[in-house]
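Working notes, beginning with the structure itself.
Each chain carries a letter (A, B, C and D) given by its place in the written order, and its residues are counted from 1.
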């Protein structure tokens, strides 16, 4: 099978920092891939390089055969990417409704229908539909951000640490939401919460010091505690 | 002559080759008045004096990273002080001394007050605030000069007599040249002093300078006071050269002139201001001579603005910077070829 | 005019010194077109068109390369100010040109002992209309939505599949159009237009914007009122101090509270 | 235990509702090498900013050598003996490497206000700067512009600048951040040397655990703005709470159960 999204040997700099020093990954249609790794390993930067917000200097990025490398973010996104950033990227000065509207560059019947079904997924958003987004709680922001990535007919959804900074009960809710639409779309999930990663992901990649070092089915990682400690824990081997 | 270049080289800490070039330049400049007409002599005197104005701006913009949109007030203010004193008291050398002292003291005080207000913020809004506040100070002085018509004659301009020893254009050329050399050495010494280095550190990275323990606001104040006084000294010389002052000298346009001199020549180099002034003044003169061909050549300001915008966009390091770049790529090619 | 500047400074984070220039261009163009056509509204439209055109040119060619670099913005826009102010002198001469008010609003109403010129009423009406219009644009349209989102995070707007650069140009041109319109409306009020008018108004507008807080539209409206009242009061008691009072107000506000009184400070 | 150099009491800062640092009370002892670790967004750099004076706390105090310095400016704190480096490289790019260091030395010697003496007259500064450059292995880079150095070299330069201040305590914010892997061992050596030779008090933020283990006397774990625990590197890495914070609790329930 051909991969839907393919990254080959991506190299990205932020200013003088050589953040990504060789990231390669393949995502197949319908699967949920989890990117794991320690703080500062380059997980977030990988997502930002795919979207074009942190353009990669070299390498190859293709989505469904379309080259993404060098595209400005707005064009990259329009090839079919839903992006849920780490800090949610909610526009505070806009209402919840407007936050959804701004993501819909085609306002046709399909999109509107999709919006309604997305809203069914997150009932909490319906209640505060007309309110300014600045009044939302952290969990609601996360939901809104995910909802926003779903309103378009995207080929792949990139989600950056959805559990970060949220209370455990809210994390549960976010996980439930992810599980609900997981089967309908292809997902890349960056996560430090191991629980969440294991329950949502099918396959994992570990990024260490800006390089993809390891990948395989999530179950393998789940069973191998040595591996977990080496790459994810506080202790180095 | 070898001995002379040696002395220059040692005292100015430059390479012998550069010292020789400097010496030749000096000889040429000394000969110019003897072989050329009055227009050229006056043009060059003008360049020498305005170059000081430009250099004083470079202390701020080039070495400290401050944008002062009211800088002309020191220059024009000093010209007015000299002019008014010559008119009211008399065109003698004593009065000139009085004018110099008054101009220095006043510029230092105004610079100090201006800095107190202008250097409060840092970062993005700090830069804007600084530009606006200095602009406001400049406008206050200009407006005052326009209001005090009894003293300044407002926009009509003030003509005045000057002490006898400066009346000869020929000699004035040499005075201006000596003045330029002295001020260049003084300002050069300033930027190479420990204080000067701290200023450059502030320009590069103000936050880091603070975390080394430098009180950056104090250093910016020093820079503004020194630049203000240097520019006042140029203003006095300008009064002696032109024997005329009008409120045009105090406008933002006048400040922009100084800014143009430094950025055309190359900011942060000091000498750039001299080259820039020479280039701009000579360009202005040649353009004005083309006036007969088409009316547009009399619109100096349009060309001024165009040069200015193009330099900011495409040659941010000025003539000196472009020269170094050429030099570097030329050496590279030599190495490879 | 202040509204235009506020929009540019606030939404784009660009310091713009060409505003005073656009202001006088608006004034000259409207007088010129008014003279040709005899229709005041066509003259106003022409001024707006000139503003948009110049705004687009400025943004595309000169401001775009220096987004995010405040110093370069100040320097470049100052240069443009010089060029285009002098261009006015080249095209229309250095002397003030008298401007007539259109006949239909040239009269005055006398109401007891108070004399009100119709033109002032007309200005107030236009001002209110423009304010309502801008308010509608910002709060009710997709363009406004994108603009509001863009002030917070241009990156995220891009990640929504929107080419934010186009909107930046639009905002810049819109601000420029408002400045030109301001000039076109101001000129008949004072009765003439001259090339030095720009810088004074530039400073006034900056004061208004800064008083009101950069990027805050309501702030700049409040700022206008504060400035208006101060100027009126000082010129009532002691006219020669008028200019000083505004400038000193600016210095005080900037040095005490650089982000403005109603500060949604510009970050970036 | 040795005398306390820095002490924070209930240090708290709010960023629009988010408590980036929440009631942090720690004490840094003289002569010890203390490292702060914690997941992203735990408030490590914010804590540095509070101690060095870049930010003012919403609540709480910072005490240095027995004096309350909570309201002092960064400059005053540097003068009292707190030197810091930054996470993002922070040198003077258009000055030479040598000049960068000399500026730091000059700040310590208080010769900054000599207006008209050439800086070359201060021989002792020149020599001290050269010596420091040798210490951080940059002696052949003295005449380069700091901005032209590669990233790793800039980090070394920054370390030298902090050392030049001869502070009583060094705050080092991720000196290895963004470095190429090959360069990290050199930085480790430099840090070890600094620790050994000059009985310095050092407070370090670091992610690379091997570095942390080798260097630290004490490790403080910060999570969600609060201190989770402190102890030696070995103690901390065995602490189930810490593992949970890093792994999100997934495997932990099973390993302990």
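Just so we're on the same page, a residue touches a chain if its C-beta (ideal position, glycine included) is under 8 Å from a C-beta of that chain, and two chains touch if they have at least 3 such contacts.
Predicted model, so just to flag it, every value in this text is computed and none were measured.
Engineer: Could you tell me which pair, B-C or A-D, is linked by more C-beta pairs in contact?
Structural biologist: When B-C is set beside A-D, the one with more contacts is B-C.
Engineer: Taking each chain's centre as the mean position of its Cα atoms, how many Å separate chain A from chain B?
Structural biologist: Chain centroid spacing, chain A to chain B, equals 56 Å.
Engineer: Can you work out the whole-Å distance between the CA centroids of chain B and chain C?
Structural biologist: The answer is 33 Å.
Engineer: Can you check how far apart chain B and chain D are, centre to centre, with Cα atoms defining each centre and the answer in Å?
Structural biologist: Once rounded, the distance between the two centres reads 43 Å.
Engineer: What residues in chain A touch two or more of the other chains?
Structural biologist: None at all.
Engineer: Drawing the touching chains as a network, do you get a line, a ring, a star, a complete graph or other?
Structural biologist: If you draw each chain as a dot and join those that touch, you get a single closed ring.
Engineer: What are all the touching pairs of chains?
Structural biologist: All touching pairs, sorted by chain label, are A-C, A-D, B-C, B-D.
Engineer: Report the residues of chain D in contact with chain B in the complex, numbered from low to high.
Structural biologist: It is residues 52, 54, 73-75, 78-79, 83-84, 86, 90-95, 99, 102-104, 106-108, 111-120, 122, 161, 165 of chain D that touch chain B.
Engineer: Across the complex, what residues on chain B touch chain D?
Structural biologist: 13, 186, 189-190, 192-198, 200-201, 203-205, 207-215, 219, 222, 226, 268
Engineer: Using the touch definition from the top, list the residues of chain A that touch chain D in their complex.
Structural biologist: Interface residues on chain A, with respect to chain D: 14-19, 21, 38-40, 163-165, 191-198, 209, 222, 225, 228, 232-236.
Engineer: Can you name the residues of chain C that touch chain A in the complex?
Structural biologist: On the chain C side, the touching residues are 142, 145-146, 148-149, 151-153, 155-164.
Engineer: With touch defined as at the start, can you tell me which chain C residues reach chain B in the complex?
Structural biologist: 13, 15, 62, 65-66, 70-72, 74-76, 78-87, 89-90, 199, 203, 206, 210, 214, 240, 243-244, 247-248, 250-251, 254-255, 258-259, 265-268
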